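What follows is a set of structures for review.
Each of the next two complexes has chain A plus one other chain: chain B in the first, chain C in the second.
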Partner chain A sequence: MAKFTLNGVEREVPDGINLIEAALLSKVRIPHYCYHPGLSPEGNCRMCVVEIEGIPKLQTACTTLVADGMVVETESEKVIQERTEVMEFLLRNHPIDCPICDQAGECGLQKYYMEHGLHDSRVAVEEKILKRKRVDLGPLVVLDSERCILCSRCVRFCDEVAGVRELVLANRGGRSEITTFPGRTLENPYSGNVVDICPVGALTSKDFRFKVRVWFLKTADSICPGCERGCNIYLEQYQNEVQRIRPRANPDVNRWWICDDGRLDYKWINRDRLLRAEGEAGTHPPERADEEAARMLKEASSVLLVASPRSSNENLFALKRFRDAALPRAALVGGSFRKPWEEDRILKRPDRNPNRKGMELLGLSGDLEGALRTGPECVLVVENDLLGDRPELADLLRGKKLIALASNRDATAEAAALRIPVCTYAETEGSWTNFEGRTQAFRPVLKAVGESRPVFRVLEGIARALEASLAWSDFETLRAETFQAAPALGGLARTSGGGAHAL
Partner chain B sequence: MTHSMTRWSAARTEEIEALRRRYPTDHALLLPVLWIAQRDFGWISHDVMELVAETCRTSPAHVYSLATFYTMFELEKPIRYHIQVCNNLSCSLCGSEGILAHIEKRLGIRAGEATADGRFRLTAVECLASCGTGPAMQVNDAYYEKLTLEKVDALLEEWMK
Partner chain C sequence: MIAETILLKARMGNTDSHTLASARAAGAYRASAKTLAAAPEEIVQLVKDSGLRGRGGAGFPTGLKWTFLPKNRDATYLCVNADESEPGTFKDRLILEEDPHLLIEGIVIACRAIRCAHAYLYIRGEFCLPHERIRAAADEAYAAGLLGPNAGGPGQAIDLTIHRGAGAYICGEETALLNSIEGKKGQPRMKPPFPTNVGLFGKPTVINNVETLANLPFIVEKGPDAYRAIGTEKSPGTRLMSVSGHVERPGVYEVAHGVPMRGLIEDLAGGVRGGRKLKALIPGGSSTPVLTAEEAYAVNVDFESVQAAGSMLGSGGCIVMDETTDMVWALDKLAHFYAHESCGQCTPCREGSGWIAEIVRKIATGKGTRADLEKLESLAAQIVGNTICVFSDALAMPVVSHVTKFRAEFEAHLADRASSSSAAP
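Let's look at the complex of A and B:
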């Protein structure tokens, strides 16, 4: 531990951390652009300068490690004046196009300008150096060189995290620019992260820009459904549609990053949703749909319930309870035919199901293909697009009464005799257990789309129609029961903290 | 992939491999190899940058970053006289703006342009690292320092002959 004095107050912090982090532990924020906790410190933006007793010149807090006995001032007159002057330099060639800039509202230049700038520009607009305004940097990223302050966070990200030196600083002085090699674009599968870490509006997302002003977005803590890593994300919605996904820092799982595939894995939530229950005779209101499902299940001589490694632990547990309470003779098997993708050494895991581990720990994994072959008369498929993942299964399912609890009009729902809409993970509470056995909660950000209900509520409804007793007063009760019945899930994981700030 | 014409000669490959042993990392080899490339190919085209990247086991973008930073590398097809006038602080204080304006007038072009006969290209550049002897300019590989309008005129007379 190091004892140091921060703005006149003595503090004790761990050794070996820099002054930005040390101050943050004492809730003192030192302004900065180029420093990012996930990248090597560089000290180029000069915004984090502080006064240290005994050192005549101001020092960059990001490159200075805290030491015993250090006396640090972050708000002295000298520091404040320096910040104002640094802001002036950083804005030397800034085009002041905030009204059409997507970074507006979450821009480091706007933020610190309000705190440390507020001076009239000494540079006439026509004197500013013009740079490239719309550079296609790759599938996800657009560069506006005039807005760039050359902090090089994106350069270091590609170098240090993605492991490819695709982005560099070219030219020198006032004409310096971020660029790829002429004629090439960003090819690394993590390129979207450079948009998140850009402290200004230089790098914006092709997928998101011009869609919504960021202050209209509503945000929820969620988990990426893309693979069994379980990266922590923010889901952000406007007008009940998901507009973008951003990584949520978790040092134990994904640090500050997500892959590009995960970043774009939300469009299906807004598209081709199943809005009402549909049977062979047309649409049904929810209660009728539950009764119809109950009738089909009751009339069948043999029933197979298919669970999915994409369902939440709570919904999987509810399905188990449903079988025990309403259909004790039915088989219940979980599995997925989703094709794996290529694993990498950064975040991507081969299995593209977010809750394979949870399904295993709940004892639901089994030989799904074998179970389908035994020829059940009626098959209830929950959140599992068997036919989309493996179209050849159509032969195996032919002649069986198929009921699908599905959020989307996927191939399985379309083939079903009865399809009942259920909420996606964006509309409900739930948890998935990642490949390391870490159980993580996701929160709803959307209102239920159409007449979709959470899976466990649909199961309650069908059970009621089957005259079985199955009911949870609320989601929390279901979750508590789930964790009690399956202690191997370990309850909700705590993170080791350090979920760091954008600036 | 590099252009099929852009390759080192066998002797040059040998020279580079000998050089490689003298440097602690392949990155450190970049500047000397860029110099060799400029000598062999006359200028540093994108194809040459890709060849240098391959040789120094780094990305073409990294080579691009270095080659565009240093003013001594020619990034366009060589021209008879490439005049680069420093416009950084020390030279500006010593009057480089007047020097640049004078050359623009004499050649009838603006900084960043070339004369119609293809003999002169004029560029305003960032620091030439000659702050002690400003105003300074670099013409091809030679430095001209402590410039005055008279000195510039004499040089231009000579080159325009």
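Let's look at the complex of A and C:
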């Protein structure tokens, strides 16, 4: 631990961290552009200057490690003047693009100009250096060179995190520009992160730009459903449709990043949704759907319940309780036929199910194919697109009465005799346990789409129709029961450190 | 009348002075041979005792710099700074062209002193003949065993890799030079860590200027006392002064530190051309503050005297400007050079250098206003002290000194000058 004095107050912080981080621990924010906690410090923007007793020149906080006895001033007159001057330089060639810039509202220049600039411009608009606009860097990212403040975060991200040299700061002085190396494009599987870390509107996402002003977005903390890593994300919606996914910092899981597949893994939430329960005789209101399912299950001589490693722990537990209470003789197995993808050394894990581990810890794994082969008369599939993932299963499923609890019109739902809409993870509370056994909660950002209900509520309804007693007063009760019944889940994981690191 | 004191230029001047045969016949590599018997610490001590100060610009004591290397280290590099790109400075070029073996001998001595087995010489991209000469000299030295696997004694290699730059002034800044050798973009690194701890390829590294190293053979051969007998207390030895501009005989003159600047200009360089009067003089390369004629004639050619006059002896690039010089246009040239050469990393330098150049041009072309002149001064103050390297200071110093010392000329160029102010020159 190091004892240092910050703006007159003595603080104790861990050794070996820089002054930006040390100050943040005491809720003092030091403005900065080029520093990012996930990248090596470069000290080029000069925004983070602070005054340190005994050193005549101002020092950059991002490159100075805290030391015992250090006396640091972050708001002295000298510091404030220097910041204002740096702001003036940064804005000197910056275009007047705010009205048409996607970054407006979450822009580092706007933010710090309001906090530390507010100088009158000494530049005539026609004196600004013109640079390239709308440069296509790769499949996901567009560059506006005029807006770039040359902080080199994007370059360092590619070099240090993605591990590929795709971007470079070319030329010198005022002609400096971000560009891809000749003959290359920005196409590494993590390229979208550069948009998030770009402190200004220079790098924008082709997927998101011009869709909606950021101040209209509603945001929820969530978890990426893409693979068993369980990267922490923000889900952001407008008009009850998910508009974008951004990484949410978690030092223990995904640090500050997500992969591009995860970033784009939301379109299905808005598209091809099952809005109403549908049976062979047409659509059903929810209650009728539950009764219909109950009837099919009761009439069958043998029943197989199929759980999914994409369901939340709570829904999986509810399914177990449903079996015990309503259909004690039914078989219950969990599994997935999703094809794995290629693992990498960064975040991507081979198993593309976010809750494989939770399902296992709840004792629900098993031989899915074998269970199907035993020839159950009725199969209830919960949040599991068996046919979409493995079309050959059609043979095995032929002649069986299929009930699907599904959010989307996937192949399994379409083939089912009865399909009941359920909420996606974007509309409900829940938790997934990642491959390391870390149980992480996600929160709803959308209102339930159509007549979809959380899985556990549908199961309650079917149980009711089967005259079994199964009811949770609210989600929290279900969660508490789940964690109590399966201590191996470990309850919700605590993260070891800082949350989002905006700017 | 002052005369040159010849120490580094001793073998120069005849047509084959750059060859090994000629250099050897005149005594080359005697000093380096002498160091083979010496312990590295002894050589370091010798250099410390000599008081040798770096000729690359800052005048840092060479022996002291060497002692900053960590005691325990698995490798050490020496980087020879032959990037010589500071406007007004062209003395390293003379050594490279006319007596490259003097430099190689200095390199061998330095390598022995700091236990370096592999030296890199970083040479300015535009230096064609100098490159050809040092290349050929290195080949000769290798063939003669003066470089190579046993150059530092049996089984002790001293290798020399010559690396040609691509023509960037900033690559003369020592850490940009390291990046450039490593194949990265030539931009300065943050300090600390200092190169003596984390330098080339992450190893402890000493960076020395060509002329600095060229002093070593004399120091080793004649001893520190003989060296200290030349020059002043604080600036021992001689200095290669590059004299350019409005003089009758521009060139590189070797003078003992401490001689009067007037002597250098008038006796050696033949005086201001055409019998005109001196107006201004830049004493140590383009980044050092300009001196007025009175100031220039009052200083001596040594670190302390020029510093006392508010400037620096720097790299010894002496730019002479006569009474016909338009100081606004003189600054315009410098400002455009710096705007062109800023590496562009640091916000104040990248944006400030271009902005300053624009304003100077505006004033020079008669379109500037009083507000522009004020802006110019405030920008110069704004870029100082908050950057990764001292390039921005190197730009600010000429701006501030030109504007303050020749203010009337700047004001005379203004579009909104008061009618009472004196006419343009």
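Quick notes
Criterion: the second predicted complex is superposed on the first by the 500 of 503 C-alpha atoms of A that agree within 3 Å, B and C clash if a C-alpha of one lies under 4 Å from a C-alpha of the other, contacts with A are read in each partner's own complex, and residues count from 1 in each chain.
Here is the rule we use: contacts are C-beta pairs under 8 Å (C-beta built on N, C-alpha and C of every residue); 3 or more make two chains touch, one makes a residue touch a chain.
Keep in mind it's a predicted model, so treat the numbers as computed, not measured.
When both complexes are superposed on chain A, chain B and chain C clash.
Which of chain B and chain C touches more residues of chain A: that partner is C. In the superposition on chain A, A:90 contacts chain C only, with no contact to chain B.
Judged by the touch definition given at the top, the superposed model places A:65 against neither chain B nor chain C. Residue contacts after overlaying the shared chain place A:82 against chain C, while chain B stays out of touching range. In the superposition on chain A, A:42 makes contact with chain C only, not with chain B. When both complexes are overlaid on chain A, the residue A:165 reaches chain B alone and has no touch with chain C.
When both complexes are overlaid on chain A, the residue A:179 reaches chain B alone and has no touch with chain C. Within the superposed three-chain model, A:471 lies out of touch with both chain B and chain C [touch as defined at top]. Of the two partner chains placed around the shared chain by superposition, neither chain B nor chain C is touched by A:394. When the two complexes are overlaid on their common chain A, residue A:150 makes contact with chain C while staying clear of chain B.
Superposed model on chain A: among 203-211, 239-247 or 329-337, the stretch of chain C in collision with chain B is 329-337, the rest showing no clash. Comparing which residues of chain A touch chain B with which touch chain C, the overlap comprises 168-169, 171-175. Within the complex formed with chain B, the residues of chain A that make contact are 164-175, 179-184. Against chain C, in their complex, chain A makes its touches with residues 41-47, 49, 57-58, 63, 82, 85-86, 88-90, 92-93, 122, 127, 129, 149-150, 152, 168-169, 171-176. Chain C meets chain A in the complex at residues 168, 170, 185, 190, 339-348, 350-355, 358, 375, 382, 385-388.
On chain B, the positions that touch chain A within their shared complex are 46, 49, 58-62, 64-65, 68-69, 88, 126-127.
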